[in-house]
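Each chain gets a letter, A, B, C and D, in the order it is written, and its residues are counted from 1.
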Amino acid sequence: MSKETLSPNEVKEMLIAISDKIIESEELLSEADRRLGDGDHGLGMKRGFTAAKTQLETLEPTTVGQVFSTTGITLMSTMGGASGAVMGILYQNGGTALGDADSLDAAGLSTFMTAALEGVTNLGGAKPGDKTMVDALAGAQEAAAASVGLSLPEAMKAVSDGATAGMEATIAMIATMGRAKTLGEKSIGHPDPGAVSISIMFQVATAYVG
Amino acid sequence: MSKETLSPNEVKEMLIAISDKIIESEELLSEADRRLGDGDHGLGMKRGFTAAKTQLETLEPTTVGQVFSTTGITLMSTMGGASGAVMGILYQNGGTALGDADSLDAAGLSTFMTAALEGVTNLGGAKPGDKTMVDALAGAQEAAAASVGLSLPEAMKAVSDGATAGMEATIAMIATMGRAKTLGEKSIGHPDPGAVSISIMFQVATAYVG
Amino acid sequence: MKKILNDPNAAASELVDGLVDYYNGSVEKVGPGAIALTDIVENKVALLVGGGTGHEPIYHGLIGPGMADGAACGDIFAAPPPNIILDATRAVNKGNGVLFLYGNYAGDVMNFKIAAQIAAAEGIKVETVLIWDDVASAPPSAKEDRRGIAGLIPIVKLAGAAADKAQSLEELVELVTLARDNTRSVGVALSPGSIPATGKPTFELDEDSIGIGMGIHGEQGVGIEKMMSADDLAEKLLNLILADDLPLESGDDVLVLINSLGSTTMMECLIVLKKVKELLVAKGINIYDVMLGPLVTCQEMAGLSISLTKVDDTLKPLWDAPCSSLGYTKL
Amino acid sequence: MKKILNDPNAAASELVDGLVDYYNGSVEKVGPGAIALTDIVENKVALLVGGGTGHEPIYHGLIGPGMADGAACGDIFAAPPPNIILDATRAVNKGNGVLFLYGNYAGDVMNFKIAAQIAAAEGIKVETVLIWDDVASAPPSAKEDRRGIAGLIPIVKLAGAAADKAQSLEELVELVTLARDNTRSVGVALSPGSIPATGKPTFELDEDSIGIGMGIHGEQGVGIEKMMSADDLAEKLLNLILADDLPLESGDDVLVLINSLGSTTMMECLIVLKKVKELLVAKGINIYDVMLGPLVTCQEMAGLSISLTKVDDTLKPLWDAPCSSLGYTKL
């Protein structure tokens, strides 16, 4: 049953679904990081989203922003590593930008994405093309901005496609940020593990609102 | 052509032949030590007999004792490990006991063996039955004592058989000396590496005088 | 691969507890992954180090008199999160500010940056010096893209001595920057370590290949080559350092560090040191002191690195000062 | 197996040269495998250690102020021959005699015995204390059949301090015997090291088996068991020590050493230390100090050992004395 807007409790449900999928994807994400980094991306994500899920389960949210921010703070303080800081800022900044809204629609999704991308860019300095999760985030953000007039399911689908396209574009890129940067040309041919995570998240969200 | 007595130069030739055979047997001896000890017996023996051969090649001996003692001193100072001390004492003590004799016969062989065994026993405290090269030496010494009236080729053959029988007897023994002693019952089934070395030496000597 | 562990996912937290036990009273836990000296004097300019665990004895084994005042420990191979860094920062701050000294990795930079912002908001003065000694990871023109490897050992030792004498955080930054700018390293990988939680090797390498410039997490190196002799390898690595932009001339004094990545033996490090000394002596460069052994490790990874720190009249007295820690002690 | 070597048969001699380079002036070569401190004071009762190479940093890395005065180094895993021991003995003898302190292995005992006889004939007073700390290698009733393993680290440290204060060789023998008699160890092997000259592993062990009581050269242990958790292993090993004949009761003080045999990581050692401390604390036994790391190694062998030294009012001041060497330094 498709959802036009999400209540705080539905956002919570959606994030728990995302957590489950990320936890399940540990091996796939670590394997992706073994190709380009130090092989622990899935471990960090699993650690963070296991903690986030626990937090979320007892949360009785009154705003949608609160659900995202709680997730961000938990990821930030339990993950560590590059993705801990990035994921943490992403959800925290996105959540904060939603103010005290008590539901999420396509416009809110765009607000979230713009703030999330800005936070990540300010923190890590990565631009699209650097072969990081910023490529997936930028793809998502562009799609969100273009989908403000659509229904939430349509918008989420567009954002998910944008994230996945951004992720897929990283395959052909040379890494210039993070651990993969010393690989130079050898980094070509594999997707950035953080971008894979972003793409997975929006796929789950799309299915949820779907 | 069989030899009734050995001149100092023939003893030298015989010890060079022994050196060559020991150097060649490195792997076999190390492998035997891998079963019961730390796997380096062949390395030590090769190191010692390579040095001994070099020493012997330029030696112009006037007594047979001198050839044995030179060998002993060289083994002692280049090998290290348990077998370095034992082999060193064996050749030194045996050589010294021959005094200024200028030839080696069956009686001399018995004198050599008795002094060699005594030196080794005094140094390391091992008795026959402890699963060390003393078993091979004791077998050799008994045969030598019983062969004083025989020709040198006959005596050497008897000594070699005694050494080999002593070595073979170590297969069934439980080690109580050296590195193998902590193996306890697990040491059964393999010959003592040092005893294998002794057996090889007398086989070469038998072939030389034979 | 057999490893002596309980729950592999709890390895980082258990090892930090064991580390505090090893310090046996001189260091205490001030948060889940945060540890600090128990007796930091009031008004001391504090030195905080940190990074992922699994590389012991760094960073958290480098706390003690004349060394760091505290450390923030992340999970295995993962930068510590900001809250751990903050716990450690608050504990070591004695009113005169805190220097963050750590390796230049994206994860560490971002997490320490967030922590620094919060600390500043709390009124704690914080400055940062990044360690980027690995000449293989970027050209001299892009130092800020280089990662930190074993050179952090002499840098932290010099920084510890500097923190004892510095009157201000600014003075400490200046001295530590000098130590950092005078240090160059390069490493070689022979075989991978493993990630405790997955048991998987950190990278793959043929039986007869070595990776020149491979990072301490198994990040691939600048070049895969055929295995070579210790002497050839020592010369190849040393030349990569000497070709860099740090001028090293006859009459100069250097600290030499031969660091094992884990399972490479002290025997191998000593054989490499012998050749490095021959080559330096031939150039008239004087060895002021030597460090050697598994100081910056990546589990049971095999390989080593060479680091040189050029010491001048400012750095020599800092090096000569006694210090004590689990990872490095000097009488 | 890749190793950083030149001629494998020259490894021992090259590593001794590298070791002297590492000492950087404080130690000199006084013969092919013999090294000694350059500045031993006249009339000092001297402490000489020695054994095979390949176990670095022991024994030859334990020379320095408050530690040993010299060392005799054999080939890889082979006791030094008498001439090397004699060269070192002559160099360290300052008129008041020399204590030979080494591990109880047939090869070492015989070579040192021959050297002692010749030294005595030269008029040098020599005494011997054998290290036999491995409780797994023989029952308490047959201590002279036990071999020396990692317990030599606290024993050599205590002996070094004792040699500085001893007025006579007899007094030194007495103090070192006390340190030796108060020390117990037991180890576990996970996987073998290799012999540099042959490249062959020192023993074989299944992927899921461990050897309790395995020696530092790969001599097989008292029992092959299935791999177990760090906590279970720590408890099993500690119980083997506590069941021995050294009384350890509530209120006693002990030094704890968790020794890595080579490639076992500091992480694993720390996790074991955590459990050992818990168990000792539960018994009211106090940890006076901790040593941890690859101190007595067997190339890249995996495994570790636990050693306890009970320290009383005689041994504590010896432990507290500062010392400096490549393998162990205390401020």
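What we mean here is this: a residue touches a chain if its C-beta (ideal position, glycine included) is under 8 Å from a C-beta of that chain, and two chains touch if they have at least 3 such contacts.
Please read all numbers here as calculations on a predicted model, not as lab measurements.
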Hop count on the shortest chain-contact route linking chain B and chain C comes to 2
Neighbour overlap between chain B and chain D returns none
Just give me the whole-number Å value for how far the CA centre of chain C lies from that of chain D. 28
Just how far, in Å, is the C-alpha centre of chain C from the one of chain A? 32
With chain centres defined as C-alpha means, what is the inter-centre distance between chain A and chain B in Å? 76
Counting in whole Å, what is the centre-to-centre distance of chain A and chain D, each centre being its mean C-alpha position? 54
Numbers and ranges of chain C residues touching at least 2 other chains: none
Give the residues of chain B that touch two or more other chains, as numbers and ranges in rising order. none
By the document's touch definition, which label belongs to this structure's chain graph: line, ring, star, complete, or other? line
Throw together a list of every chain pair that touches. A-C, B-D, C-D
Using the touch definition up top, name the residues of chain B that touch chain D in the complex. 27, 30, 34, 37-40, 43-44, 47, 76-86, 88-89, 123-124, 177-183, 186
In the complex, go through chain C and note every residue touching chain D. 2-6, 11, 14-15, 17-19, 21-22, 24, 53-54, 56-57, 61, 65, 190-191, 196, 207-208, 210, 227, 229-231, 233, 262-274, 277, 287, 289-290, 292-294, 297, 299-300, 302, 304, 322-324, 326, 329-331
For the chain D and chain B complex, residues of the former touching the latter: 9, 52, 74-84, 105-107, 109-111, 113-114, 136-138, 145, 147, 195, 197-198, 200, 202-203, 213, 215, 217-222
